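Have a look at these structures, which come just after this line.
Here come two complexes built around chain A, the first alongside chain B, the second alongside chain C.
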Partner chain A sequence: MYKYVLKRLLYILPILMLIILIVFSILNVTPGNPARIMLGADASQELVDNLNEELGLNKPLIQRYLGYLAGVFRLDFGISYRSQAPVFNEILGNFPTTIRLAVFAVLTSALIGIPLGVLSAVRRYSLMDMSFTVSALVLASIPNFWLGIMLMLIFSLRLGILPSGGIGSLSHYILPVLTMALPSAAYILRMTRTIMMETMRQDYIRTAKAKGASPARIIFRHALKNALLPVLTSLGMNFAQLLGGTLIIEAVFGLPGIGSVILKAMQMKDVPVIMAATIFLAVLFMLIMLLIDIMYAYIDPRIKAQFK
Partner chain B sequence: MKKRIAEDRNDSQLADIWYRFQKNKPAVVGLIVITLIISVALFADVIANYETEAIAQYPTERLQTMSGEHWFGTDGYGRDLFARIVHGARYSLTFGLVCSLIGLVGGSAIGATAAFFGGRVDNAIMRFIDVIMSIPGILLTLALIAALGFGLKNMIIAMSVSMIPGFSRIVRSQVLTIVRQEYIEAAKACGVSNARIIFVHVLPNAIGMIIVNATMSISGLIIGAAGLSFIGMGVQPPAPEWGAMVAESTNYMRMYPHLVFFPGISIVITALSFNLLGDGLADALDPRMKE
Partner chain C sequence: MGQLLNIKDLEVVYQTKNIVVEAVNGINLSLGKKETLGLVGETGAGKTTMALSILKILPERTGKVIGGSIDFDGLPILDLNETEMRAIRGARISMIFQDPMTSLNPTLTVGEQVEEGIILHDTEYKTKVEVKSRVDEILELVGIEPSRKKCYPHEFSGGMKQRVVIAMALACSPEVLIADEPTTALDVTIQAQVLSMMDDLKEKLGMSMLLITHDLGVVAKICDYVAVMYAGEIIEYGTFEDFFINHKHHPYTKGLFGSIPNIRDRSKRLNPIEGLMPDPTNLPMGCKFHPRCKQCMEICKVKPPQIYVNGTHRVKCHLFEKQEVE
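Right after this comes the complex of A and B.
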């Protein structure tokens, strides 16, 4: 088991380097000239050249990449073109908001999606199941920014029961988290339903029924326990979507998360900040997937046995 | 004679697919709505003049509610909301169709190459795709936009490129399952050329699944493009893009909620229709796929 975890952890390193290479190449083969952006349009060519020299921007791409990579492992992501402050500090300060949003949203979607999915599978083709199917389909077609705006219109501008933006108290998180969680809850619901229905057709469920186990015991003890594993994976995949979603949701509700850092940096062509924030989110996503894989191996005795 | 038989068989297969498709009523509704939206986009200039009704500002007529003259009211610059939404259909459909087409062609080329050559080539390509896909899609798109710059063309490029890894995976797995079928082995045993196997035996069998996936991706692309325009990274105002229109009107939404409602609901209806169509196509093209 430890060997498995260690192997997976070591495997992260090359992937991390590749991710950084991809993001680095995308953002560095650009027509824009960072030194020109930092100094403004009226600066003399000599000054621009000097700054390029100083920042090492005239070196070949691969050399810059290796330099950047070395920096990343020391948590040095360079200096922001705009604020001239270390990028790492800038991002670290905004990171908790995004994490909180994504974690709350994943938990909420699981808490809504899994029980309703089980219910849907047990009472399949009932009126309730159908209405869940329809709502899931509609929710999958709503842009998240518009869902947020509609919730904001109803709950804060009309009813006035929830704050419409900013952070401060826990209630500030309710609307953004709901906006993110509702569509993924619909997705989790569909996943749970399909997997539960599949599981209920298995032989061991028939065996349990034949033994005279109660329906509740069959559903929770025999079926759900097995169905939860694939659901767990889809929860993890969902997390990626949610991390991406925070970019837009933070803009809607004016939350100071990593998404707003990226947007601000994009408007100002602040490449080091965009790069660092993208790498941060990609790494976070990778770690979550790793955690799920490890949990998978820990929960599922079939996988656990392979690594004994 | 031989040709006729082939034609007949094709006819009946299409008829079969259509028969299964039209039994799925929501999918038929989706198809009708999409046809309507496409006609609106094609005849947008007939319905409302772009320059005078969708772009030109009329300060004296700003922020009107729904009336006979302005069906959806007017926005903060006095522009007719209905005219802008009609012209906005062009943007959304272009994003959905063009990006999924480019993504599909790129993904098919990469995925099919990986599946055909197998072994090391396959391994190298797919590991690389795995790494790209470990970057959340919207981040990849944003990074590409940051590199290319804002605007319509760059957004289309960025979104299309972001579609390629996903499509490559789907096409590869489709082609792989088909290549392993016995009829491919039979064709090889008969001495059929590789090109003929690819174009006559593999592609027609894979195309259904690929079309279904392309259709399903359209709604995501439309929503994604609207989101990018909403945060100001895509189509720039005053162009009547639906996401950008929502963003422009958020300042007025407390008093004039219809300004954010109509562009948003247009996105929802369009995306929903493509989702319904995709579901229907999935069932019709491959009846085995149904749960």
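Right after this comes the complex of A and C.
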């Protein structure tokens, strides 16, 4: 098992190098010169050229890429064009907010989606199941930012019970987390329902029934563990979407996370910051995926056996 | 016949949106204490459906018993509620399913699955230690090393899995064992092993058995009675001798068994018969076998046959009604 985890951690390296290469190339072909942006439109061409020289921007792409890679492994992500501060510190300061947001959102969506999905499957075609289905459909089809604004209007402006933005206390997270979690909870609910219904049709469920097991026992002991595996995978997929979603949600709620860092950096064409933020997100995503794979192995003895 | 299980005029349908599958159409069968009844018939004849009806585990929503009665040791099965049925399932009537590969839960150990029945039911094994030793005992009985109970199903071969399934079914010493083609999914070499083991256990534990099978060798070897099922009906029933000695057989049985004297020929499989089973959503008028029957008469196309009885032997065919009249 440890070997497996170690192997998976090592896999992250080449993938990361590839991601960096892709982002690096894309940023290079987009129009707009960072030095020109930093110095403003009125600065003389000479000043711009000097700055380009100083930042090493006139070196060939491959050389810059390799230099950058070497830096990344020393946790040196360069200097922000905007603030002139080391990028690493800037990102590190904003990262916890995003992680908290995404982790809370995943947990919330799982805690809502999985139990309700199981309930929906067990009481399929009932009034409850149908109302879940309809709500899930509505939630999944409205845009995230709109949901955020609506929640903000109701809970902060109308009812005044929750803060509308910024950070400070845990209550600041409630609305953004809900905004992110509700649509994915809807998705997970539908997913769990389908998978659970499929599981309940399996032969071993019939075997359990023939043994005299009660419906509750069949659901919790026989079906849930089997159904949880594919649900876990979809949770992982969902997390990727959530990470992307933080970009917008942070902007809506004025949260100082990675998303707002990226937004600001993009406006400024602050390449080192965009790069670093992307790398952080990629690593985070890969670690989560690894975590899910490990959980998989713990639930499914067949997979566990492969890593013995 | 002092009967343990009596099925009377049982009718079962599967109902989906706008089609009705008439799977079981008026079955009468009984099974005495310690008897083995072999049930044979082509795929789709309704054998599994009948077995599931006895335990009342037909697919929810779609499967419905629409007529008849099932009596088990004085209990009207069809009138019992779920709680009462749960006390019977696995404790007094057990079932072994066709495919051991899918019948076991992949996320629970073999031991956990074998002990489940013992824990669920009110057995003589109360304490943890007693349950554990019972699991060991029953695993040993089916030829599995008790130390392997910590293994998961995927670590077992098909034959071993079916042994586990059998152990599960026997754990509470049921009075009736329903085995639905217990060896069909296994290698030919293992089939004989598993079957002779089941036969031994049945004797040892004094159970009654309803054995659904395709294997005529098996029927010849271990069944006291044989019932032939076609399109949801029992078209011939009798002791093994009735089938072997008697010459008055249903044309379907004749086709199925080939030349009857060869029935002793071990591992003989059912003969394929020309034509297909009738569509259960649109069964033919008269005798359900008449479209495939080589001896079909005019009356067969319009009137369902009566049952011709001769001692223990029963045949549902117009051929013999006519002979009776003559």
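Assume the second predicted complex is superposed on the first by the 308 of 308 C-alpha atoms of A that agree within 3 Å, B and C clash if a C-alpha of one lies under 4 Å from a C-alpha of the other, contacts with A are read in each partner's own complex, and residues count from 1 in each chain.
The rule we apply is simple: a residue touches a chain if its C-beta (ideal position, glycine included) is under 8 Å from a C-beta of that chain, and two chains touch if they have at least 3 such contacts.
Keep in mind it's a predicted model, so treat the numbers as computed, not measured.
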Task: Give one word, clash or fit, describing how chain B and chain C relate on chain A after superposing.
output: fit
- request: Name the contact category of A:Gln267: first (chain B only), second (chain C only), both, or neither.
  value: first
Query: For A:Ala85, is the partner it touches chain B (first), chain C (second), both, or none of the two (neither)?
result: neither
Message: If we overlay the two complexes on their shared chain A, which of chain B and chain C does A:Phe145 touch? Say first, second, both or neither.
response: first
Task: Name the contact category of A:Leu61: first (chain B only), second (chain C only), both, or neither.
output: neither
Message: Taking CA centres after the superposition, what's the angle at chain A between the directions to chain B and chain C, given in steps of 10 degrees?
response: 80
- line: Per residue count on chain A, the busier partner among chain B and chain C is B
Task: Examine A:Met286 and indicate which partner it touches, taking first as chain B and second as chain C; both and neither are also allowed.
output: first
Task: Go through the superposed model and pick first if A:Leu111 touches only chain B, second if only chain C, both, or neither.
output: neither
Query: Just chain B (first), just chain C (second), both, or neither: which does A:Ala70 touch?
result: neither
- request: Answer with first, second, both or neither: which of chain B and chain C does A:Leu18 touch in the superposed model?
  value: first
Message: Touch test for A:Leu9: chain B only (first), chain C only (second), both, or neither?
response: neither
- prompt: By how many Å are the closest C-alpha atoms of chain B and chain C apart after the superposition?
  reply: 14
Statement: The answer for chain A against chain B in the complex is residues 15, 18-19, 22-23, 26-27, 29-32, 137-138, 140-146, 149-150, 153, 157, 194, 197, 240-241, 243-245, 247-248, 251, 262-263, 265-267, 269, 271, 274-275, 278, 281-282, 285-286, 289
Statement: Note: in the complex, chain A contacts chain C through residues 202-204, 206-214, 217, 221-222, 225-226, 299-302, 305
- line: The answer for chain C against chain A in the complex is residues 55, 57, 86-91, 94-95, 97, 99, 102-109, 116-117, 120-121, 152, 154-155, 165, 168
Contact set on chain B toward chain A in their complex: 128, 131-132, 134-139, 142-149, 219, 223, 226-227, 230-233, 243, 246, 250, 253-254, 257, 260-261, 264, 267-268, 271-272, 275-276, 291
